[in-house]
Structures are given as C-alpha cells and as structure tokens.
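This is the structure I have questions about; it appears just below.
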Amino acid sequence: MSAPKYLDGQEVATHNSRESCWIIVHGNVYDVTEFLDEHPGGSKIILKYAGKDATQEYDPIHPPDAITTNLPVNKHLGPVAPNTVKKVEITVTDEEKARQERISNRPPLDEILNLHDFEAIAKQVMAEKAWAYYSSAADDEITNRENHAAYHRLWFRPQILVDVTKVDWSTTILGHRSSMPVYITATALGKLGHPDGELNLTRAAAKHGVIQMIPTLASCSFDEILDAAQPGQVQFFQLYVNKDRDITKRIVQHAEKRGIKGLFITVDAPQLGRREKDMRMKFEADDPSEVRKSGSDGVDRSQGAARAISSFIDPGLKWADLAWFKSITNMPLILKGVQRWEDALKAYDLGLAGVVLSNHGGRQLDFARSGIEVLVEVVTHLKEKRGLSFPNEKFQLFVDGGVRRATDVLKAIALGATAVGVGRPFLYAFSSYGQEGVEKALQILHDEFEMNMRLLGATSIANITPDLVDTSNISSHIAAIPGDRLYEANYESMQHARLREIKPKM
Amino acid sequence: MSAPKYLDGQEVATHNSRESCWIIVHGNVYDVTEFLDEHPGGSKIILKYAGKDATQEYDPIHPPDAITTNLPVNKHLGPVAPNTVKKVEITVTDEEKARQERISNRPPLDEILNLHDFEAIAKQVMAEKAWAYYSSAADDEITNRENHAAYHRLWFRPQILVDVTKVDWSTTILGHRSSMPVYITATALGKLGHPDGELNLTRAAAKHGVIQMIPTLASCSFDEILDAAQPGQVQFFQLYVNKDRDITKRIVQHAEKRGIKGLFITVDAPQLGRREKDMRMKFEADDPSEVRKSGSDGVDRSQGAARAISSFIDPGLKWADLAWFKSITNMPLILKGVQRWEDALKAYDLGLAGVVLSNHGGRQLDFARSGIEVLVEVVTHLKEKRGLSFPNEKFQLFVDGGVRRATDVLKAIALGATAVGVGRPFLYAFSSYGQEGVEKALQILHDEFEMNMRLLGATSIANITPDLVDTSNISSHIAAIPGDRLYEANYESMQHARLREIKPKM
Amino acid sequence: MSAPKYLDGQEVATHNSRESCWIIVHGNVYDVTEFLDEHPGGSKIILKYAGKDATQEYDPIHPPDAITTNLPVNKHLGPVAPNTVKKVEITVTDEEKARQERISNRPPLDEILNLHDFEAIAKQVMAEKAWAYYSSAADDEITNRENHAAYHRLWFRPQILVDVTKVDWSTTILGHRSSMPVYITATALGKLGHPDGELNLTRAAAKHGVIQMIPTLASCSFDEILDAAQPGQVQFFQLYVNKDRDITKRIVQHAEKRGIKGLFITVDAPQLGRREKDMRMKFEADDPSEVRKSGSDGVDRSQGAARAISSFIDPGLKWADLAWFKSITNMPLILKGVQRWEDALKAYDLGLAGVVLSNHGGRQLDFARSGIEVLVEVVTHLKEKRGLSFPNEKFQLFVDGGVRRATDVLKAIALGATAVGVGRPFLYAFSSYGQEGVEKALQILHDEFEMNMRLLGATSIANITPDLVDTSNISSHIAAIPGDRLYEANYESMQHARLREIKPKM
Amino acid sequence: MSAPKYLDGQEVATHNSRESCWIIVHGNVYDVTEFLDEHPGGSKIILKYAGKDATQEYDPIHPPDAITTNLPVNKHLGPVAPNTVKKVEITVTDEEKARQERISNRPPLDEILNLHDFEAIAKQVMAEKAWAYYSSAADDEITNRENHAAYHRLWFRPQILVDVTKVDWSTTILGHRSSMPVYITATALGKLGHPDGELNLTRAAAKHGVIQMIPTLASCSFDEILDAAQPGQVQFFQLYVNKDRDITKRIVQHAEKRGIKGLFITVDAPQLGRREKDMRMKFEADDPSEVRKSGSDGVDRSQGAARAISSFIDPGLKWADLAWFKSITNMPLILKGVQRWEDALKAYDLGLAGVVLSNHGGRQLDFARSGIEVLVEVVTHLKEKRGLSFPNEKFQLFVDGGVRRATDVLKAIALGATAVGVGRPFLYAFSSYGQEGVEKALQILHDEFEMNMRLLGATSIANITPDLVDTSNISSHIAAIPGDRLYEANYESMQHARLREIKPKM
C-alpha cells in the first residue's frame, strides 16, 4: 500500500461550482458534482461549501460513513494536504443567534419536572431542521399521536393497605438486570440534537443501570458507542438489514464479538416512511435556480433526510431469512415492529427470543395501531393458542411508542410486557441538556416509579398484575362526528361570577 | 334550411335594460328579459351584460348548453354579425387583483406533498364563488365531513416479513386496467376552477393510466372530453336521468357509440341538495333594487347554481326503469349513490354490474352514512344472503367520498371495494395548477400506494385482505356530550417548563 | 256596582319613593311598596316608575294578569283619571341605540337559509334580558345542548329508486290535519321578543296549516290568541296546573268551550328550573343601595323572572289527579314532559291520548335525557309490554327539544313519533322578523321536508319507517376523558403548503 | 421545671445569614441554619426572616406544630423576650396590591349562583401559591378532571306525577343526622385560603347541620377545631397513620375522647403524590445563589409543600394493622381511598363501618378511576358476593371527588352511596368569602336539592333509587383519536346569516 497522494487545498478550491463541485470532509476530498441533485438535503447546502471544508456542517447531520457509502469509489479523490485548506468561517444567522440566546435561557434542570418538559425546551433550543427530523411522523401523524393517546384509555385499579415501605422496580431484560423496566430504544442521527450524539445515552445508561439499544443509523460510529460503555454495561443493537447480506453478516458478527446482548431486527420499515414535516424542511434547502425534474425519471428526491440515508434497507426481508440469522449469530433475536398477533405467534414458533410491538414511533404506516393495544391482542391469542402467560422469560414482549410517564410503563408491564422502549424523550433530553438531561430524565422515571408502585400497592415488578388495569376501552378508536358549526356559533357560553369592574378615578 | 339572418350588434346594444334585456353568447343573441328573475346567479350579473357579449363571463360557470336548454326557443334570436359587436372590457376588481397576486405566489408543485395541499392552495387562488360551489355540501355538512372522519375509525393490522421488493397496485375496473384502484369520479362545472375544465382530468388520466368518469353536468361538452382522450383510453359516464327519456336515450346511446365503458346512473339525487355555502354566495349577486318575491309564487329562486342547472333531473326514476336501460344499451350499468345493503342486493338481483356506495360527497342528504361504512354492511349482507365474496368481478362495489390518502383507498379495497372514486381533490388540483396539478396528485397517490403496500406487507391488490383492517369502530357515530363550560373555564391548564425571560439590558 | 272612583295622577305622583311606591299600569293604580323586594325583576326598575305610568315597560315582560294575580286585592287602588297622568318619556340608552341600529341592519328575510339563522339574528337584535330568558336552561345547560346533539347520533339509511316526483309530508295530529309533522309548542312570554307576542305564531300557523299550542304563561291573553285564529284553525293548550284546582277547572273548561282540541298537561315542572343565565341578568336590575336579605327568611328572590311568575304551579300534582281531569273535560289529554318508558306506559294504561317526550327544552332537570332518546326506549317497551306499534292513532307520541332541521323531525317520525314540537326557533323567528319570520321558518321547513323526503325515498309520512334510521348510537353519552395538556402543548401541528410570501418591492 | 430563659431579640437579630440563621415563631426562637436546604418552601423565604419574627409569614402555610415536629429539639432555642423584638414590616408587592384590589372587587355573595362561582372568584383573589396548592393534582391531572367528567356520563330517568309538595333530603350518616347527603371532607392547610382556616368549615357546618371531617393536616390545631363546634355538633376525623404508632394511638384516643364520631383512615396515600402545579411554584422561592444538589444525596427537596409536611405518613400500613385499630378505639372505622371492589369486600369482611370510594381528589395516582365509577362496581360485586344491598346501614359507601352540583350527589345516592364528600368547593368558598362563603355554598346545595328532588319525583332520600339513573356509559373512558390537522385547517366553517355592515357616512 503506497502512501496517499495529498491534494492541494487551492486546487480543490477551484472546483466550486455546479459544473465541478468538490468538497472536503474529515480531510478527504470528494467529487460530488453528479451527486448534487440526489442530495437529500438539497444541492444548495453543498454548493455553499463547493471547494471548501464541509466537515463542520456535515458532521451533525450524517452517519459517519454516509459519504463513502453513497458516493462511488472513483469519486473519493483522496486526502487533502492539511495546511493548504482555508478555514471556513461560519456566518451566524439572526435566526441562529436567537436560538443561541434561547439556549442560554434554558431553565435549570431542577425545574424539569417530567419528560414533557424536555420536549418543550428542545422545541425551543434545537435547530429547526433537527426538530423536524426528530418530531416528524408518517402522513397525518395520527398513529404518532395515537401511541400516546392509547395509554389514556387504560385506567388503574390500585390496591390499598399493602406494605409499600420498600418498593423495587428493577427487573431483568433478556436475562440482564435493568434498574427499571425501561430501555433506551434505537433512534437515528443523535448528533442533530447534540454534538456527542448517542454517547449521551450510553453514558447516562451506565450511570442509571439501564440498557441502550444502539441504532444502525447512529451519528456516532458503532465502535465509538461501544467504547464509551462501562465494563459490563449491557447494550442491544437495532439492525436494518442490508440488501447486501454480506454487509449485514459482517455487522452482526462484529456486534456479537463486541458483546452486544440482543439483536433487534427492524421489520416495520421495508421502506422508510414519508414524514411530511421533515420533507417541508427541505424546500428552503434547495437551489431555487435549479428546475427540479420531479417525476421525470421516477426517482424521488424530495423525501427528506430519512429516506436517503436508508436506501440500503432491504424491502425483500422475509420470514425465511430468519433461519439465516440464526446461522450467523448466537445473540438472542428479537423482531422490532410486530403489529398483529399472527406475526407474534410466528416469531414464537420460530424460536425467537421476543418481539417489540411497535409502529416505529408512528413514523411508518399511519393508522397502524399502538403497541400497547397490540399487546393486549398478542397476550390474549398466545395464551389461547400456545398456553403462554406473560411476562414470559422464554418469549419476551416489548412495547414502544408514546411513553411519557412511569404510569404508561406500568400499564404495559401489568398487561404482560417485559419492558418498554423509550426513544424521543431521551433525544429531547440530550438535545436540551446533553448527558445530564438524559440522567435527569431517568431520575424522573425512577421517582415516578417509586411513587406509582406505592400508589398501586405493588412492591415489585412481579406484583404488577393484569387486574391492576382496566383495558375495556383500549380498542375504542373514536373519532367524534363533526360538530354542528352553526349551532355552536349560536350557543352562548355560560359565564361564572366575575369581579366588579374597577371604576376609573376621576 | 335557409342561411341565418344576422342581427346587428348596435341593435342588440339597445336592449340593455330590465325592460328589454338581450345578451350575446358564443355569437348568438338571446332575449333573457323574462329569465332575469329566474337566473340562479341573480339578475344583477346579467344586467351588467345587457346588450353586450357575455361569453367570457358565461363560459366558466355554465355547461355549454345551459342557455339553449333553459331558454324557450323563441327567445333564441339568432346569430349576431361578428364585426358589429363591441368588445367588452372587463374591469378587474381589487379583490380579483389580490387573487391574481395569490395565483402568482403559488408554491412550486414540488412543495405539494399530499392531496390536502391542493385544497389549501385552491382555497386561496380560486374565485370565491367557485370555491363555494366545489366545497359546499348539504345542510350542516355533517355527512360531508363524516365521509373523511369515517376512515379515521378504521385501523391497520399490517403484516411483516413479506418480500415487498416489488409491489403492484394496479388493478382492473369493470374489466379495464387501471394503474391504481382509483378512478376520477364525476363532478360538475369544471371550468369554474380552470379554463380547460374537465379536459385537465382527461389528459392527466391518460398519462397515468387511470379511468375518468365523465359527468353529465360537465363544463366542457361530452364530445370535447371524448375527443381529448388518447386512443384506447378508458372513460366512464355518469348519468343524470332526464324527465324526457328520449333525451336520456339519445345521450346514453351516443355515449355507447363513442366508446364509454360503463354507465354510472346517479340514484341519490332525485333533487339536488341545498348547499348553503353556495346559496349564501348568491346574495351579493342580485340586484338590490329588485324586491324579490320569495314565497309568492312557490318558485324557489335562491338555491344556488347547482339547483337550477339540474332542473331536468327526473325525481320519478325508479327500479322498474332499469329494465329500460338494459334495453337501450349494452354498457355495464352501475348505480351511483347506493346507501344501504337492501338496495345493493336489489341491484345485484337485477343483474347490474355493480354499485357505488356514495352519498354524493355529502352534497345531498345530511346524516347519510359514509360509503365506507355502508361497504362493511353491504359486504356482510351480500355474503349472508347470496354467498358473495368481495371484491367480485361479477358485481363490483365502489366507494367514494372523503378520500385524501392512499391509506383510505387501501382500507376500502381491503374491505371489498374494487376501486375508489376521488372527486374534489382532483378539482382542487387543477384549480390550483391545471393539468399538471392533477398529474402531481396522481403521482402522490402512486408514491403513497408504493409506500403503504410495502408497509402493509402486501405485494398486490389481491393481497389487500380484510384481516389487514380493524373495522370494529366503523359504526360508532359518537357526538361527545356537551362540555361543562363553567368547569372548563375554571380549570387552569398545566404549564410545561419555560425558558427564563430575557432581562432587558440596562 | 258603583262607578269607580278615579284617582288623580298628581296624587299618584307623590308616591314616588321606597317608602310609598305607587305605579300605574293600563290605567289602574297599584300600591307596590311592600312588593318591591319580592319583584323578580328587582326593585330598581319599579322605583324608576314610582308615581308614574309603567305600562310601556310592564307590557312586554309580564303576562297580562301578572300584577293583579301577585298583588293582594287591597293594593289595587283603582283607576286613574286619564288626563291627569304625565306621559313618561323613555330615555334611550346608548346600548339601546346600538340595538336599534342592529335591528335596522338585519339582512332581508331571503338571506335566512335555515332555522339557525334566526337565532343568530335574534341574538343580535333582542334586548339582552329577553335573549337571556329565551335561551337560558337548567344548571350547566347540558341537557339543553344534548337535546340537539342527540339527533347527531342518529344516521339515515335512505332508499333509492323510489318515484318521488310527488312527496307529501302532511299528516294528522290527534285527528287534525297538519301540513307537516311539526307543531308550534308552548313557550312563555312572547312579548319579550316582539310586541305582538304569541299572535305572531297564531297568524303564521294559520297561513301554513300547522297547529299552535297556546302556553299558560303567554304574554297575550288566552282569548286574544283564540280571537286571532282563523275559522277552523286548530289550537292546543298547554296547562300548568294551579294549586287552586277551581282556577284550573275554570281555565280548562273555558279552553274547551273556545274550541281547543287537545290539552297538554305539563308534568315536568312541579317547580320551575334554575336558569342561571336568566338569573345573572337580575343583578343589574336591583337597587344597589338595598341590602338584600338572602337566606334570612328562607324566601328566594334571586331566581329570575321565570320562577316568580310560576309560583302558582302545583308541585302536588299526581297520577291520581288525572281522573279528575277526565271528569272536567272531554278534550284529549296528553302529558307533556314524560321522560321514561314506565311513565309512558302508565299514561297509556290510564287511557290518555298521548305523551310528549320532553325535558322542557333543557330548562328543568339537567342531565335528563333528550326526548328523541326516550322515544326509542318508549317504543321498545310499549311494544314489548302492550303490543303497540308506532305511530299509533290511539296513543300518540310527541317529542320536542333541540330540533333545527327537517331531518331531525324525520328521524323522530321514523322512530314512531306522530309529530315534533318546535319552540325556541319560532321565538327567534318572530323576535327578529315578526310574523313574517315565523312564516319564513315554516317555509324553510317545508323546503327541507320536500328535499329530504325525496332523498330518503319516501313519498308520504307513512313511508318514514324505522329502517330508515340507524339508532345504534343513541344512548352513547360520551364525555371524552380530559385531554393531556402538556402533550398537546408540545405537539406541533402539521402545516399545509403555503403561498410564497410576497416580497416587498424595493 | 424551671422558668424559661428568655433570649434577647437583639442577639437573635445577629443570626441573620446563611451561616447562622435563627428565626422567631410564636415567641420562640429556632435555629434553622441546617434546615435551610431542606425547607420545602425554599431557603430564600426563610433567609428573608433571618434574625426576625417570621410568625406572620409562617402561620398560613404551616400546620401549627410543623416547626417543632421537623426541627430537632436542640434547635428549639427557647422563648424570646417580647419587647426586644423589632416588628417586621411587610412590604406589599405590586402583585399583592393588585390582589388586594381584586379582593375588594369581589361580587356580593348574592351573585354567586353555584359552586363553580366560588372557584372562579377564589382563582382571582387567592395568593398564587395557595391556589396552586389547593387546585393542583397528580401528574397530568387526568384523574382530577375525570372525577368531574364521570358524572357527565350518568343521566337521569326522572319520574313524573309524584306529589313533591314536600321534599326532604336530610339523611343519616353513620347513624348521625345530616341535613343533606353531603359531608365536608378533609382537606389540608386551610389557612392558605383564609386566616380562620378550618374553623370556617366548623362554624358553617354547625349552622347548616352537616358533618365536617377534620383533617390530620389542618392549619388549625385539632382541639381548636373541636372547641369551635357547637354542643352536639357531629365531627369525623381523617387520619394519616404515623410511622410511630404510639403517636397515632395518642391521636386516635384523643379524638375519641373529644367525641369524634367516625375515624376515616386514609389508605390511598402511602406517599403523597407529585403535584406539578404546586411544585412549579417552588422555583421562585429558592435562593438562586445556592447551587442545589439535586440527586447528590438522594434526598428530594423539590416536591412542593405537600410532600414535606407529610413525611411522617407510614407507607407500611397494611390490612393486618386494622385489628390494632379496633383494639385502640370504639369509633366506627372507615377506609378512605378504596378504589376497587376487592378491597371494599375485604373491608366489609373485616367488619369495618364503611369505605370512601375516592382517589384523593386526583392528587395521588393519575388514571385512578373516579369514585362514582368504582361505586357501580362495588355495589354490583358486594351484592353478588355477599348479598348486600345499598345504601346499607351496616356497611356504608361514600364517594368523593369532582362534585359540583346536587345532581352529582343525587346520582351517587341513587347508585348506593350513603353520602358524598365535598372538599375543594368549600375551600374555594371560604378562600373567597370566609365562613359566609361556606354557608352560601351549603345554601346553594340545599336549593339545588329541593329543586332536583322535585324534578326527579322523589320526596325523600329513600326514594332516590337506582332506576333513576342510566349508568350504561359510566365505564366509557373515551380518548378521541387525534384529529386530522390538515383536513381541519382546510375545512371552512359554515357561516350563519349576518347583519348588514353599517356603511360609514360620507
């Protein structure tokens, strides 16, 4: 292997137009001329860095290998000679200045009382695009909101006069201890919210003894995240299966070698969903002088960041592939994204370790039901058809989506889940306060668990039983019929007593 | 036949008052003096053109033969000598100028992400009257909105781990290929939204391989629409049955001769509905100096455009008439506007080709149920009573009303429909962007179908089966009981964490 | 009988204080000194007329005999000599001037499209107190609004392909023809809304061939209303039963003698309801210098106009009294205000002519169910227990409350009602447009009946059968559970496509 | 016992810093230096009074023995010589001035029409913190609001033609007469709302013949409240059980000796709930120069007033303890906070006198069901399992939470409750109008009872039977599915008729 030939920064700088556009990322030069129109983030933002070092802009938005993966090898032009590159001065927009001011006005962490609060702050302090990417969901975002609303159709039947001096909400997940029946589920592009990205989660998870599920589409590299873990810290891995199974095999076996304790194969995303909030963000990012050729070649370039970074995902993944996974790894296999009892039953019959009842945070199929609703159905049918009871060590059920309170988690546990995945709230926590935010979020959950276990009259997770929850309304998908606008406009609301008006003095 | 005698434009110009009012339309002179008070659009607008050429104003609002049909033959005064007519100068109102400015500020088509977006733009760029006509519905518009809401009571039960590399959402409708299980249903007065009227639909349908149903009350003439079709392009025809059956016979046989592939007989409109939004528009259009004689002669002149152009429709149409239709045409006969299983069963027993479960877009009987709800009932009873399963080649079920997403369509298909009719969204599409708008709308549906077929785990329309949809809430017509206004006024909403206020500098 | 001694106006004028307060009404002098604190409308308004002629103020607010009934005979001081009385000059307040301007700006009747419109106008043009009295209802006005909402839980199952060239919605009520299955139900104090009070209803009813139910608490006297009727015009009478049965007997037998065709005995008002909107109106009407002695003597003086004018009503009325009614009259007896099947059954077993399923327009017991809901229960149980089918000539069911559209009426008819009572909408009609308003309201109903009969596929009232209505949701009294305020505050609503902003010119 | 040594006020005044902080309360000096960080109300407010007399600030917020209980005995420094203490001048903030002005603008009591009105006024005139403490509830306050909403799912089936001339709503509770089926339930810290605290309730209860339940956490001392009672006035006592059972024994036996007629043991609060509205209030109360050490020592200091004053409550209380209670007192024992039939059954089997079906006003476990809903379940199961009927003298059922109207109470009575507890409305009544407010509140209930008993056709509490209420919707916990924001944004609301605009004069 010969020494790399260094390119000269000044030469790179001449390729600064739509006709020839080179950029520098992490000290390497790439010819992106032909990629301009395919860039999910639009051509405009690339052209701004044409001939320049784009690393600072690139980093937070892309997984580390995005550029090398998406660009043909012959466009990887090689390293640039370091001292020949001009430093890029970033002009701070007024909008960005206002955001920075908002950041400096965040309330102290002590004033954060619940997981909703992180979201309220994150909405204020995150860059608009990042917020759009995290918060967006499929189509009309009905499932996204239903995920939360479904918990509101479940009510408690608490017990009294149980000695709850000591309550313990720790549990085991796939055989590993967790300080609470919650794990940090996989979410993409952590650096959009914070420069440390997923490492915030790794470190906070270590402190609080919870398990992190590492995403395929992390902003930090897989090994970075593993390296940040404490000795003995348990981590799971979420897998998007590549069309090229050799790549997948390599990734899986590497994960196993590095000590990953569970492989969660995503099965609800053969194609990543249309998320319109995210997509609307793109319009300002494109070069308006360019006439886009939508529809002309059947290639869809307007689908937001999520779609593009995921083009490798295999829509051909099928039940028959699971045997192959068993042949390449001994990690427990869990399907993430099961949405009906029939598929949970198949997974059980195939000897898998469990399933996550999930609709991908409402980001895939709109009008998919909430995981908590599917849980009730799965428990019923697997009892009926296979005599199983839940929670079950051999075949574990997980749920994610819409969780904001420990009461939400306790409802899922009572109904048979082993643990519940929480995603966005932790993203919002580190987007507003970094690692400390995640720790605080976990501490809030601990506080809520202690309180609510006591109020339910349950001293351990094993005591969180189905009779504690009334599920009779879980499947009531009520859309109130449209209001009578004329009647309502005429109806004059009742008024309560009012203070006398203060007469102005003469 | 003798050569027509040309009238002189200057003579016509003298008939410019309420006492004697002539107008020129498409080069012909009409004496509308006695018609002034019966004009559904009010007398004021006609008087504005008294003695002048009204073609430009007339065209977008009327079906081509409106004037000849509504005016007795002796009021057709004959052609005007072309060069004798003064050109009418149209003064552009401030309101119209503002509208033109809004038109020039439409976002590029690329920014349109879904069918809702067309409606949002159309509302801004259409003339107010045109918007009122398209968007209005019966009485309190409850059924109109319920049509959309009903889809929100249906939830998906998607399958996973199906190889969805290739998904195909093309189908056949009455034996003809369609690139998707959607057809463009009949809607009236297309020129209100765009000068090319229904031709926008014809051309876009050709490009995308979908079927257009031509309306009886089109702004373009029937033959114009047929002529605009590509060779081999499939078109259906929607029929309002005339009190004069000879006219109907002529129309039907002409349609068959021109190659129409299916005759959709409207059965939910023995009288066209009261649409109050449309009716309110009329008040500004009348001559305020005229005392209207409402109630005095039992003739109702305040019912908006829709009612008047439809006075020919026969309220006497009955089941017994269907034999006659079979005797005059070999086109497949479909009843459009069936709203209960009993009537679907009758149609089946009479050997018809199918029914459209529809309430006319909520424009006829308020509190009629949505087509999608009726579909569930029809499928259940026709299975029970005649052993039919759906979709069924011999007796096809269609649904229309309220559809905005491919998921809506897929729900209907899963429950047994052959295809779904979409109307207003395409009107809004061409009203805001012409033919390109309709193409974009169809492209959006294609994109949504591809996505959602994959997410449902279905590779073809045949795989869209009833188990994919939870229908248990479809008949829950919930009107929440009235709120407690005093309690609600007293309840102080919870607040989330807030940014510290920025102290003003000294 | 000696000639009355006339009092001198100047003497009367000296009794102009709280210590001695005389007023003149219709030419008679009354000493109201001791009545001041008991006046339901407050003392302030009386003191304003102390020593003066109060007729103009008195008339619209009181039933004609209010003062003679409520004041002991020894306080009736006799007639005043006409020419000795000073004319009272009414100062017009700014508020009243604004109201008069609103009155002159009413839209022409042609612009009234539905019954809601009258309410919208009446709210603008009525005096505030009058509006409060008409529109107010019991407690939190839940039942009042439920009355309307209940109809929204009933949906149609219309028939098609019925020859509806001719449709006829006339019917018979207690054996008398009515041009529609609607009667004008009894409502109190018509002069609050219009100087002609109930006569507006009498005259409009005659024109349109509908039946008016005359209220006990009319502003016009009973005979005035009868005298205003056309020969052969059918009228019913609503009766509040007096503690003094002799008075009741006299009233009933007078009514029968004058040709009243049905006696509707109110049974849902042993005590008139608390109507807080009405009560709040009173506070401004009292003399603030007076310390009110609430609670001190157990007499409640703060209950608004309705309570006071109704103190004669007998809370002791009971089933056993019905035999007595049968002994004093041959008019058909109907109970108005039945609210459960058990009581409807009793009424049937006692041989009464029918019942009105009503909750008094929501003005009595809050959380009483709507008449239309009770109708379903009554029809079911009377069929089960007595084999009755409805509508039934021998025992007729009526419903009132919340009706605004002919579709509401048709739902009630389909479910077994003979006719439906409409009250407030007609009050609002004459309050905004006098008799012409009521005629227009009836004309609107005619138009809606014609339309909706056709759209239902029913040519006569007899064809309005139960299968036309889906009642499955009628008893769903859903109060949605409270919203999650934090979640909702964080959720960022989706945005549709927007027009480009117009750049300011340089 | 030697005479106490008096401290000199001037010496005390030197301990005015965070390093050494003494305060005077009720003439005694306390060293609170080490307590500063543990003060639930924050350190800032204490430091304001460092070295000074804090009595005036202390009194309304603390139970009388709060300081002696929470501070080690060696920090009780002894009495201060009275004349040596400087009077503290309270600076009135602008905010407080505005509040005082609002107080002076309260409407007269006559204008208060219902219990909601007190809340509307209290919200205006109470100190912000006090309002937060009274009105706050657990988590998202869903249960708090559900408590009220649940009554809206119960509807009446009133009887007619019952002689209701005389209606009597008095009853007996645990064998003691009450003028209505309502008791004043226990609520903490009455002086937050009014200087007389709980004494307002005692005195008003005496006047109206209702029973007051005295809270453990009263602002007034237990004996003060007993001493304020009239001879023969019945009082109950609500007990929080202390970890130190000797203290509890002493309290219970003292209560019995003083004549308490019923002991209500709170069983739904092993730990007091997180009430975020209350907690948010604290942030402004802390010394911002202090870095709080949240999480560092596991002690949670941010939980608002409620948590801290309740640290003595025993989370170890269990069923087995009830035998001990029976051994130390002969008072009837009632469990307050039962939330499922299984626990009501246990209480019955243990021979207790009754249970209160309550969720602590929604202040403990969010998503606990309302007492009224649990009542239906308890009555059903205790009938089925033990053949009991309700109301039942031997085992009485009580309900509290969400009650605002006599109709609410009557629903509970009809379904089997002996009486209903009302809490917050009375707090709001005295917070806005002192004792007179409570009397007015009770008078309003009397008025409503009289009215509604008549309208229900029931002359006594015994006649309030289950058939008067339709309970079929009580368990419908409906959370409407999320709305379609795009559709709703596009839908243009219908408009009613409008007044003509007034043309400006030229």
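Each chain gets a letter, A, B, C and D, in the order it is written, and its residues are counted from 1.
Keep in mind that, in the parts below, a residue touches a chain if its C-beta (ideal position, glycine included) is under 8 Å from a C-beta of that chain, and two chains touch if they have at least 3 such contacts.
Keep in mind the model is a prediction, meaning the values are calculated, not measured.
With rounding to the nearest 5, the Cα superposition of chain A on chain D corresponds to a rotation angle of 90 degrees. Counting C-beta pairs in contact across B-C and across A-C gives the higher total for B-C.
Chain B and chain C have Cα centroids lying 42 Å from one another. Averaged Cα coordinates give chain A a centre that lies 59 Å from the centre of chain C. Contact with two or more other chains is made by residues 107, 111, 113-114, 116-117, 119-120, 140-142, 145, 149, 152-153, 276, 280, 476-481, 484-487, 489-490, 494, 496 of chain A.
Contact residues on chain C toward chain A in their complex (touch as defined above): 114, 116-117, 119-120, 123, 135, 140-141, 145, 148-149, 152-153, 276-277, 280, 404, 478, 480-481, 484, 486-487, 489-492, 494-495. Contact residues of chain C toward chain D in the complex are 101-102, 105-107, 111-113, 116-117, 119-121, 124, 139-140, 142, 267-268, 270-271, 273-274, 276, 279-280, 283, 292, 294-295, 300, 302, 314-319, 321-322, 335, 337-340, 342-343, 364-369, 475-482, 484-487, 493-494, 496. Per the touch definition, chain B reaches chain A in the complex via residues 107-111, 113-114, 140-142, 145-146, 149-150, 152-165, 405, 407, 411, 439-440, 443, 447-448, 450-452, 454-456, 467, 470, 472-473, 476-480, 485-486, 489-490, 496-502.
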